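Note that the chains are named A, B, C, D, E and F in the order they appear, and that numbering of residues resets to 1 at the start of each chain.
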Amino acid sequence: MKTYLNEIKENDQVESFFLVKDKSSGITKTGSAYLKLKLVDRSGEIEGRVWTSAETLAQSFGKDDFVRVTGKAVFFQEHLQLNITHIERMTEEGILFSDFFPTTEKDIEEMFQSLLEVSREIKNPHLSRLLQLFWEDESFVRLFRIAPASKWLHHNYLGGLLEHTLSLARLVLKNVSHYSGLNLDLLLTGSILHDFGKVDELSYHRSLDYSDEGRLLGHIILGIERVEDKIRQLPDFPKDLSMLLKHLLLSHHGQYNWGSPKRPMILEAVMLHFLDDMDAKITGIQQFIKKEVPEGSKWSAYHRMFEQSFYVPPLLEQIQVDESIEKNRSEEE
Amino acid sequence: MKTYLNEIKENDQVESFFLVKDKSSGITKTGSAYLKLKLVDRSGEIEGRVWTSAETLAQSFGKDDFVRVTGKAVFFQEHLQLNITHIERMTEEGILFSDFFPTTEKDIEEMFQSLLEVSREIKNPHLSRLLQLFWEDESFVRLFRIAPASKWLHHNYLGGLLEHTLSLARLVLKNVSHYSGLNLDLLLTGSILHDFGKVDELSYHRSLDYSDEGRLLGHIILGIERVEDKIRQLPDFPKDLSMLLKHLLLSHHGQYNWGSPKRPMILEAVMLHFLDDMDAKITGIQQFIKKEVPEGSKWSAYHRMFEQSFYVPPLLEQIQVDESIEKNRSEEE
Amino acid sequence: MKTYLNEIKENDQVESFFLVKDKSSGITKTGSAYLKLKLVDRSGEIEGRVWTSAETLAQSFGKDDFVRVTGKAVFFQEHLQLNITHIERMTEEGILFSDFFPTTEKDIEEMFQSLLEVSREIKNPHLSRLLQLFWEDESFVRLFRIAPASKWLHHNYLGGLLEHTLSLARLVLKNVSHYSGLNLDLLLTGSILHDFGKVDELSYHRSLDYSDEGRLLGHIILGIERVEDKIRQLPDFPKDLSMLLKHLLLSHHGQYNWGSPKRPMILEAVMLHFLDDMDAKITGIQQFIKKEVPEGSKWSAYHRMFEQSFYVPPLLEQIQVDESIEKNRSEEE
Amino acid sequence: MKTYLNEIKENDQVESFFLVKDKSSGITKTGSAYLKLKLVDRSGEIEGRVWTSAETLAQSFGKDDFVRVTGKAVFFQEHLQLNITHIERMTEEGILFSDFFPTTEKDIEEMFQSLLEVSREIKNPHLSRLLQLFWEDESFVRLFRIAPASKWLHHNYLGGLLEHTLSLARLVLKNVSHYSGLNLDLLLTGSILHDFGKVDELSYHRSLDYSDEGRLLGHIILGIERVEDKIRQLPDFPKDLSMLLKHLLLSHHGQYNWGSPKRPMILEAVMLHFLDDMDAKITGIQQFIKKEVPEGSKWSAYHRMFEQSFYVPPLLEQIQVDESIEKNRSEEE
Amino acid sequence: MKTYLNEIKENDQVESFFLVKDKSSGITKTGSAYLKLKLVDRSGEIEGRVWTSAETLAQSFGKDDFVRVTGKAVFFQEHLQLNITHIERMTEEGILFSDFFPTTEKDIEEMFQSLLEVSREIKNPHLSRLLQLFWEDESFVRLFRIAPASKWLHHNYLGGLLEHTLSLARLVLKNVSHYSGLNLDLLLTGSILHDFGKVDELSYHRSLDYSDEGRLLGHIILGIERVEDKIRQLPDFPKDLSMLLKHLLLSHHGQYNWGSPKRPMILEAVMLHFLDDMDAKITGIQQFIKKEVPEGSKWSAYHRMFEQSFYVPPLLEQIQVDESIEKNRSEEE
Amino acid sequence: MKTYLNEIKENDQVESFFLVKDKSSGITKTGSAYLKLKLVDRSGEIEGRVWTSAETLAQSFGKDDFVRVTGKAVFFQEHLQLNITHIERMTEEGILFSDFFPTTEKDIEEMFQSLLEVSREIKNPHLSRLLQLFWEDESFVRLFRIAPASKWLHHNYLGGLLEHTLSLARLVLKNVSHYSGLNLDLLLTGSILHDFGKVDELSYHRSLDYSDEGRLLGHIILGIERVEDKIRQLPDFPKDLSMLLKHLLLSHHGQYNWGSPKRPMILEAVMLHFLDDMDAKITGIQQFIKKEVPEGSKWSAYHRMFEQSFYVPPLLEQIQVDESIEKNRSEEE
């Protein structure tokens, strides 16, 4: 069983597995080589030192490898450090990703099944077959199930993309019939596909970051390429339908400044943009509030991207109680 | 029964009622006085002339009055003109406002009852009583039922404010439970109240325009004043609840540039802003498309406020049919 | 031989061919049908009327057809009008496009050969083969040779895209070696491909406008699709090279606000953006100055996109002469 | 008499009173409880430790209380620390606020009397009575006299709001007659009322910060509510006058981006905005220069809100002397 | 004595002088040459025709000349036209500029003397001598006395620059002592010099427009050049003082976007910017209101540069009266 | 010969010369005075201490002096420190500036001769003589040869201005003939003069910073003053030519926001702006990449002014090799 880094105390004998984030070598004052490591898991990070057989052990693993480690926790310069007696590389198979990276609190399999179910609402045969092709693409599905939805703003954890996609598709189902004239099939397909490019834009197998093609091309273009790739396998897919679908993907950020090269020009694109933006904002603020509201405060820290703080009001029921107490008190005075 | 201006043809004998938009007097070459009028109803406008007894008749009515008119339609300088033999002022009682101004296509009474029903979803006794006060305020309700929601952008017709308010409240009901932690009572009350200030911001009894206080103070402030006015009648209304409600009103435009002096800082305000913006945009675009897509075109005219055109795609079913026809044709060639 | 519309005078007997821009029918006072046409060619437009056999003739051609016309020019309500006695549809084969649309003043074939020559400078076999695929694609080449480069700003005439592309490629050749470390092959290929999407973004066979996919997707995306399409035929094409090339296309507008979803992140993309922008601006201003500097003025009209006027200074040689004359004159006074 | 924190030296025996900014408890290595305090006054802050009777003493006071303290100053880890032998809560009555918070250098009573005098210039009976109501509202006056005018930018100290208000009213008196047609009474009243909402927007009894309603509603709305509250007590107050006055308050920031939901639309509002902005900027820069010009420098530090530095030129008289010296010197060389 | 164009009626025999704005020649149906003129003065413009001796008379004058004209006013195509029997060029000497161009309503000589008087407040000998050089420069003074202050926004009439300069200098005198530490001499000199470049930026001898150097360099640079030109004649003028003075000129627009290449960095520059901006805005709005408030309206037309309308409230005294009338009326109902 | 600071190791006996960046005095625990210095050269900085004869030695030099130093390097608090036994001021004559400040890697004399050569391309006698005056102005040339081109963005080292100027002039020569109608003489002169004001805007004799006049007036205005100063010595210099040249200088930043008070209005100014911007950006990015791409990374650090990172792709040749290796590998798996 895994021991988490934030559970380790001075003098603990540790035997667990971690991810190697940094690896370098040094020379002790006595002239012998040693290894300096930074080990991480979901709960934090720790410095590691290999004092014995450093050179031999160093060959068996590298940066970004998962390793099995035996060692003892000691205090050095005000920090815990792991003096490692044995270390060896592990294959990914023995690994639970969620031990190492922040992960959605929801059940991935359950969410995925729900999304498949939502897909079945689509009646248009072309759109339906298009989605089917994605669901049958195992390598895509493997990525899609664990990809995060962003690095910073919202759903920035494993499974976040799936969580956001399912949430958006459900919002579409709730809102599309509110207005006449919006095409459910087109909008629902668009909502499911809209961020598919994020499986390529982000890299999330060792640390959450952007990939080279993510930075140079962006998830909008990468998503269109994935869609185009499937459409080529559907020779009867109507050209105009393909154009509308791509327009939904292209324009879903709503504005040039937010990276959309086109603004929404059809009603479905307008609604997709609003619901996507609302889902990202509300979920992003909820995550932020969870972590960044100091205890005893009703105000969050300052959110640098939104350039503001957020307020967490007391429950309405509480408001009434509080005020009547306060009132009594002020009447007493 | 009313004859509409766009039904009148040359030589028709007309007897109907109109609104006087302009009124001035002139002197004929022979030195006698005549009246120049511009008469309007919902369907258009027409020049009117009173050649006989002009001075006497002129005293009985003024600009912005409703008048009953008898006369004959003639052609003059390429336009129809009404030579009026009799004209007299009418009281508003005999008038159907919808004969004179663009009016919602929905049933006002029905929408109003639906909104009352929605109000009953609110469990919080303070918020519920606050809304009750508004519904009991007959002079407010009379205004609220016919007020438009804006001059230009969306719901710019009689009953538009009610229509937009009901639509927004329903959107709130659909979306609020999608996220945990949002307070239904607060959000629903906020959605119902959010544009109440528009009954004062706009003037819509003779022509749709902004009132002086509308221009100088705006509907956000005017709405807060109306709300404050009612809250004063509820001595137990919690101060913090009042603060939150006003924050929803203040911030519902979402950004400084769109006239909100505060940006949304609580989740309810964030959602209210998105749904309000979405409802205004989608409805505004739908209205625009109805009027401003030239026949035979899939593109609307250029929308000056949104700085773009909109595209009206063919039905998806049609897309497939069209393309297969086109394909056959191109294969034949 | 073609008679141009701006050469026709009152009472001329006209026999020539034009493009039908508008076509509708009317009823004369005597109750017989007639045809109202708007005919255009490169030099202007004229109203046409078919008074005899209108119904029969109407069936033989439609809006946007080229037609051969026989008729007589008469004055009606201060404008020339063509009373047409015979009219019939023409096939495109007999047509010189440059008779109907503004066309580059340069020789299209010559420019195209020059561009082929420039292509041969590319040594990288992948990039070279990629371009080769485009040049061998006859339907693409046919479009590319006559496409305009934009509707408004610059090179907005048939052949304009080719002219701009050749100009940009030559600028690249002149500037690339000015700095060390820029890759000529990548930059040159990027400059040739950068606007290929415009063959699809614009429609220019009857009137210069944007196509549906041009408006909904834009030439950046359309261009990437064309490039992707060819790369798929080159199984060995390196993935990283494809990524860099697409980045050049994506980022060549330089800023989000100008429609690029990514800003230039490699040096080649930075230079491509500057040279493309410079070529578009300078050529656009030169075109504008040619048409929009009133005689006798050194200042152009106000350019609405650039929000300024431009100044056309006298030749430097002239400046000296003018000033010495002026000086002598003022000394005389 | 108060001892200021910045006067205390190592080994001083201290007996004075301070404000408790932080309070927490710890356990010594020997297992006994102690108190950790952060004590502040106007001049700085100091760590405090209570080693004896910590638990008992802890009950007698809390965070944000004023306390009377007896103790000895010692050096610990490069900082002075107060070892406290006795500590007890004080009531506010014995406190001079200016001992604890930065305070205006001017005399508050004198400024307030001057403002009353300025108020008497107002001849319009409604406006005059309105102001009178404020001056008679003791709880308001108590707040108004000590409120700061902002947290960061200008007049950010106790009494700052009064100082800024008086300054602005005097600027109005100096400038209003410069143009014909501006109404002195309206403008003067507006200038006095314009920031009244700041008594509620800021909280300044323990530390200078924004209140909840300050953040959620802002001083513009809070000010309008205070004004509205008084106007309700004046049944004859003309509605149009109330509208104009509120417009002045609403628009005094001049632009949407600066938090005004309306821009100035009457001349009085235009002047109020300019003079208010000028007073805030000039006073803000003067404060900044006082603190943020390094010795020997003519340039201030970088001002983050204004995004620039400021230059403090030598006196003009000095310029001449300096330069003639420099000249002589350079001539000698 | 001058007859103004807006006084002329049909059949009047006219003998007066005008400015020739356009001049061209035509051929009558009978084959003889005639002259087409557009004549203007301050009050309007009129078409003129010379039917007799057109060729001879044409040689004696040109476009932009002042001419003495004899002729008769006739109606032609719904407009008055002047059939001219005699026309000859006039020298400027006989001309009152204010007959031809909009001119300040104030007395130019009186304003100029006031400005001289204000200049005498400056004690610093360098600044005082610098201004003196300008006042002694006759060709400058001649231009300065009649130059307008802008083409569009404010003081856009002959004498406007002087009027604005005097107004600004007086505002400086009123406000400078409001704050400690601002240098009166520097600020007053800066205010007088700040727009001197406008004598060169605008051309205002025939029609109000920008000169070539005005458009290409702007009044800020042109003003600095005029100041630099005078400073060169003052060898002892301190270099630092020159730098500060130029900084005031450079930065007086306050922001890059308003054409200042530097923002104000000294307090004097900050105040100069605010007072200049306030004077331009208030005066500009006052001018606009005078011309652009439709009769019977309290709202001005839409001001395109300010992107808003302005409100002209009734006098406060009137407000009370109006409201009590209204009240009585509504009570009666 | 100079010893560089980054070559010094513990216990080295040092005898070399440095620049004194900071100088202050302290008192040792035993009560004697000592000197604390910060010494710098091109390679870094070091703390210096003078323990003996501190007061005497202190008098012989000051901050910003070059000094010859004898001392020994010791470790103190984890940093090297120089215990100085002798220190004395040096004159600048013995100094190689490039030992102390970052300096262009190119040969200054060679670049300057190249620029003179480029100047000779100018045929217009006025422009040619104007440049000649600058080249003959020894004090200007001395500054111009070593001035940097900016503090932050590009060419921010001694000789950088010359390097940028030569680069820009060569770009002009390469591009000017690409379009017809651009005047080579004007454009080339403009490119050489365009940043001359930087010799005054920056101060670069002891540390690279902005001068007072640089901050208050900026290099655009300072450059125009230097040009104006020379033109005054050329009485025949055409006024219009001077105007055009100044327009080029004024507008070369291209936009108000980038500090140009006028935007380019002639074609030569448009091209100058683009080429100047391109040269600054490309060179700035190249410098940034050299320093700020972490080893092993293809991505630079975040560039705060450009608000992005830059990508350094592998060589194209390398791309192919890499990918075929990767391919083989994936095929093997």
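Side notes on the structure shown:
As a convention for this text, contacts are C-beta pairs under 8 Å (C-beta built on N, C-alpha and C of every residue); 3 or more make two chains touch, one makes a residue touch a chain.
This one's a predicted model, so the numbers in the text were calculated from it and none came from an experiment.
Traced through touching neighbours, the fewest hops from subunit A to subunit C number 1. Any chain that touches subunit B and also touches subunit F is listed here: A, C, D, E. Which listed pair repeats E-F comes down to matching contact pairs by residue number; over half match for A-C among D-F, A-D or A-C. Averaging Cα atoms per chain gives one point for each, and the point farthest from that of subunit F is the centre of B. Between subunit C and subunit F, the centres computed from C-alpha atoms are 44 Å apart. The geometric centre of subunit B is 46 Å away from that of subunit D, both derived from CA atoms. Across the assembly, subunit C contributes residues 212, 215-216, 240, 244, 265-266, 309, 311 that each touch 2 or more other chains. Contact between chains, using the touch rule, shows up for A-B, A-C, A-D, A-F, B-C, B-D, B-E, C-E, C-F, D-E, D-F, E-F. Within the complex formed with subunit D, the residues of subunit F that make contact are 212, 215-216. Those residues of subunit A that touch subunit B in the complex are listed here as 124, 126, 167, 170-171, 174-175, 178-179, 181, 183, 185-186, 238-241, 244, 263, 265-267, 270-271, 274-275, 277-278, 281-283, 285-286, 308-316, 319-320, 322-323. Listing the residues of subunit C that touch subunit E in their complex gives 298-299, 309, 311. The residues of subunit C lying in touch with subunit A in their complex are 212-213, 215-218, 220-221, 224-225, 228, 240, 243-244, 246-247, 250, 256-262, 265-266.
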